[in-house]
Amino acid sequence: MTDITRRQLLQGAAVAGVAAATAAPATAEASAESEARGRQPGDIGLLYDSTLCIGCRACVTKCKQANELPVDALTINGAPYDAPDDLNATTKTVIQVATQGDRFAFMKRQCMQCLDPACVSACMIKAYQKGPGGVITYDQSRCLGDRYCQIACPFNVPKFQWSKAIPIMVKCEMCRHRKEGCACSEVCPRQAVISGKVTDLMAEARRRQAASPGKYLARIYGETEAGGTQCLYLTAADVPFETLGLPKLDTTPQPHLSTSVQHGLYNKMIAPVALYAAIGFAVWKNTRGGKDEEKKP
Amino acid sequence: MSHATATPVGGKLTTPFFNLMALVALVGAAALVVRFGQGLGAASGMTDGYAWGIWIALDVVVGTALGCGGYAMALLVYVANRGKYHPLVRPALLTGALGYSFAALSIVVDVGRYWGMWKIPTYVSWWNFDSALLEVALCVMTYVMVIWIEFSPSVLERWRSSGTPGQRTFAESAGPKLDKALPWIIALGILLPTMHQSSLGTVMMLPYSKMHPLWFSPLLPLLFLVNCLFLGYAAVIGETTVSTNGFGRRSDTRLLGSLAPVMGWLILFFLVLRFGNLVLRGSLPAAFVANKYAAWFWLENLLLLVPGIVLLGKNARERASTQFGAAFAIMAGGVLYRFNTYILAYDPGPGWSYFPSVLEILVTAGFVAMQVMIYLFVVRRFPVLPSATPAPSR
Amino acid sequence: MDRDALQVSNLTSAAAAIASGVGRRDFLKICSLAAAAVGLPASAAEKMAARAALPKKPSVIWLQFQECTGCTESLLRTSHPGAGELILDLISLDYHETLMAAAGHQAEKTLAEAIKENDGKFVLVVEGAIPVKDNGNFCRIGDRTALDMLKETASHAGAIIAIGSCASWGGIPSADPNPTGASGAGDILKGKTVVTIPGCPANPYNLLGVVLQYATFGTLPELDAKARPKFAYSRVIHDDCPRRAHFDAGRFAQRYGDEGSRQGWCLYKMGCKGPRTHANCSLLHFGEVIGAWPIGIGAQCFGCTEKELAFRVPMFQTVEPEQLGPPGMYPSVNAKHGEVSPVATGIAGVAIGAAIGAGVVMSRKLGQQPPEKDGGEEK
């Protein structure tokens, strides 16, 4: 076996590897984009209007009731309070306070139902799926509790049952088990959170913005963020979305980059199989004959 | 020099150091009782924000990289056909097998619904090809088996020479079959780490909006791959030096020294890729801000750059202490890079913080101690370490 | 028992007691009850009794314009003191169209005489809105417009109190489109202090408190920006609402008669204006009947004291609660999570230190070609 062949092989492999790794995002861009789900007519979601919310937490209470979630007992002065401080294993929606100088505003958190969700992209064996109406469903029988969904979600939505020996993930599934639909919007006293088809919600959001000029920030969070979400947010003109705790995101779907790489490198398993063949050939060549004995591990 | 010269070290197993490790391992095992009895929250400092802690970042992401010695040496010996490194392969395979096995064990500990892990390789129709983690899981599961098979000749050799009659018969019948299959298994042992070590980088590309710009890069897969290679070589140098010296066998300084330029160039390649990408994306200014991120960033890179340059010099090829010091610094820098990519650079947003809990650290320490114990047991009983004591080349 | 009958019997029995010459001891008791009911100090009872014992009791002139007499009717239903005790013992009600026996010219003459007699000292209570459109032609009494009557009387009064929402800021008569230009007394008597006691009807105890304080001490209570006594109007209904716990827990009745409604849950979603309505209804129920106020009987507060709400904001429309700052117990959007245990920090430090130390020692050992000995380390 000659050195040249070896070297060429090595160089070839290295070049191929580098090229694949660097070029993958670019070449796979087109395919990934065509795979982007986009908005669909039947999508349902929520519209939360921070300017209307009075922080009564009716949504939190009703959500717990509708989803049969236990209280998040917090002991204050010796008495237990159901006072979740964030989304957690017993809380699928929560009301928080955002402060900005003298100003304060309420903020409701729940799953954003991304159009191209990171959790769905992250999960190894599809415990999360984009279900009817675009609702991201969770199947605990598939869940392994590896929590990559938590790492992946740009909104930190899926929550893990840390205190259980047999845990599951907890996240809003738009009350898909209730025939009445979303519990939170049903009880909201001020229509600060309403549910329905995303197209209708978008129209309502624009109507509200147009009806009260100057009251609202002229943007709808979730329209384009992370490629678009099915839960939309309105905020007051002087309270930016970042103050409400919503991350600043570009319009790229969160999984876009990593799936581009995955699809680029593992497209039909051609690259790995080819690499295996090349390595196998090299090893076989380098270990055969008289050298066989010597090269055994 | 041939593998035939690898011999068991022998001697008493229960040295004071071994006993200390046993104690640490026991404490770690006790901590596991809490984890499996009361859930992850009771045993770890992980939160919904930092859903992955040291069990993933250290035990899996770093542990497998340090276990890449076997992969890196196999690449050198079997693909680049550098037969002279052969004596280094067996110890590297052993540490690799241990590193990967305990990484797999850590995943069992870390994963909330561990009893369902059999579903990953079984339910093929459920596979999500978007998930880099699936790729990692499948590859690691397979590679753990592959690397033990790669290591198995040591065991068979021992059985053939001094096993019970049953062991001898088995070794004699399995040996030739194994020899025939070995090239393809070795090739698998090279392919799989290439795939999953790069995928470990892809894993942290998904949460890119939460990643610090100094660590996030579209080249993460390639950076992780190169990183695991030089970490593998550094681990081989470190481990060989420590164990051979510890057992009174002088390490082959010249042989180890010839690895130095390979590592040096790999590190420079890594740094060029990393810095080049930072410059191209305009993220480099973040390195000149007075904060913890910039500090860790520079520490990481200096811990690679300085020994990388040293390794390219003449001194490194001859002086064991220089080799070891450089390898040690590279391990620190490379490990930091991986750890920081998974923990420091990952920022779920204001309000979240993470520090491993006592039990969490004890479990990790326990796993490390168990690996040390098994390593000591195996090298004392099986032919792993090179027996020949070449002339010290100082 | 029939409540009106009870009140009438109370009233008549008290009047009878006075008429039959109640002893000073009994009278002092009445004064103490009155003082306690309206939140005056105990010592006020003594003073009140002394003041009332004088031949000349404080004079009150009560004018009624665009109104429904609801405020008067409420006043008649108090029992501590009862209306009889009030009128007959504590004050001298010199003019009140509903209660006075006189009528016609005789009544008007009484008014003129009372003003003349107590010039600059009497308390003027105004009930009802005053129309100002078309020279106030929409309300005439004894051929004088309400506007004239109010201005004339007020110019001689020692203190002016507007009772009820109509007199305070216009009330129902001022609701859109307000054809008569109905206005509150304060809007007409610019420059004068007009204590307003809004409510529909106003809680009589708030009036008694002001009147008795003025009668006893000659002073007026502290007032807010809308000239409402702070003792009664400084807080919103919501602050002291017995259903507040349900609001805080997010338990809302969705419609009348539903499960939540029956359970006594918060009525906010049905348009309760309590969160913006300044009044003490939730603390001082009407006529001392426990629960005798809107929310107490399961109806939402409709904001009768507030010009911005009552008869303006639709009944079932919710309002933005008055909140001076964010609720203290609520988590921040950046709630803190995760903790660092000092022990863990210590252990981690020791572990990292040991690893670095071992590396350095090993490196140094190699440099010195150490003596060979047993023991090993990995990684």
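The letters A, B and C name the chains in turn, as written, and every chain counts its residues from 1.
Assume a contact is a pair of C-beta atoms (placed from the backbone, for glycine too) under 8 Å apart; a residue touches a chain by one contact, two chains touch by 3 or more.
Predicted, not measured: the structure shown is a model, and the values here were computed from it.
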item: A-C compared against B-C, more contacting pairs; value: B-C
item: Chain nearest the global centroid, as defined over all protein CA atoms shown; value: A
item: Distance between chain centroids, defined by C-alpha means - chain A, chain B (Å); value: 31
item: Between chain C and chain A, distance of the C-alpha-averaged centres to the nearest whole Å; value: 50
item: Centroid spacing, where centroids are CA-atom means, of chain B and chain C in whole angstrom; value: 73
item: Multi-partner residues of chain C (each touching 2 or more other chains); value: 332, 334-335, 337
item: Shared-contact residues (touching 2 or more other chains) in chain A; value: 86, 245
item: Residues of chain B engaged with two or more neighbouring chains; value: 47-49, 349-350, 352
item: Parts of chain B lying in touch with chain A, wherever the complex brings them together; value: 2-3, 36-42, 46-49, 51-52, 74, 77-81, 83, 86, 89-90, 93, 107, 110-114, 116-117, 119-120, 123, 126-135, 137, 150-151, 153-154, 179, 182-184, 186-188, 190-191, 194-195, 198-199, 202-203, 205-210, 218-219, 221-222, 225, 346, 348-350, 352
item: Interfacial residue positions of chain A with respect to chain B in the complex; value: 1, 6, 9-10, 13, 17-18, 21-22, 25, 86-88, 118, 120-126, 142-148, 150-154, 156, 159-168, 226, 245, 247, 249, 254-255, 257-259, 261-263, 265-266, 272, 275-276, 279-280, 282-284, 286-288, 291-297
item: Chain C to chain A touching residues, read off their complex; value: 247-252, 254, 266, 268-269, 275, 318, 320-321, 323, 325-327, 329-335, 337
item: Of all residues in chain C, those that touch chain B in their complex; value: 332, 334-341, 343-345, 347-348, 351, 356, 359, 362-367, 369-370, 372-379
item: Touch list for chain B against partner chain C, complex; value: 11, 15-17, 45, 47-50, 66, 95, 235, 238-239, 241-243, 245-248, 319-321, 324-325, 328, 331-332, 349-358, 360-362, 365, 368, 371-372, 375-376, 379, 392, 394
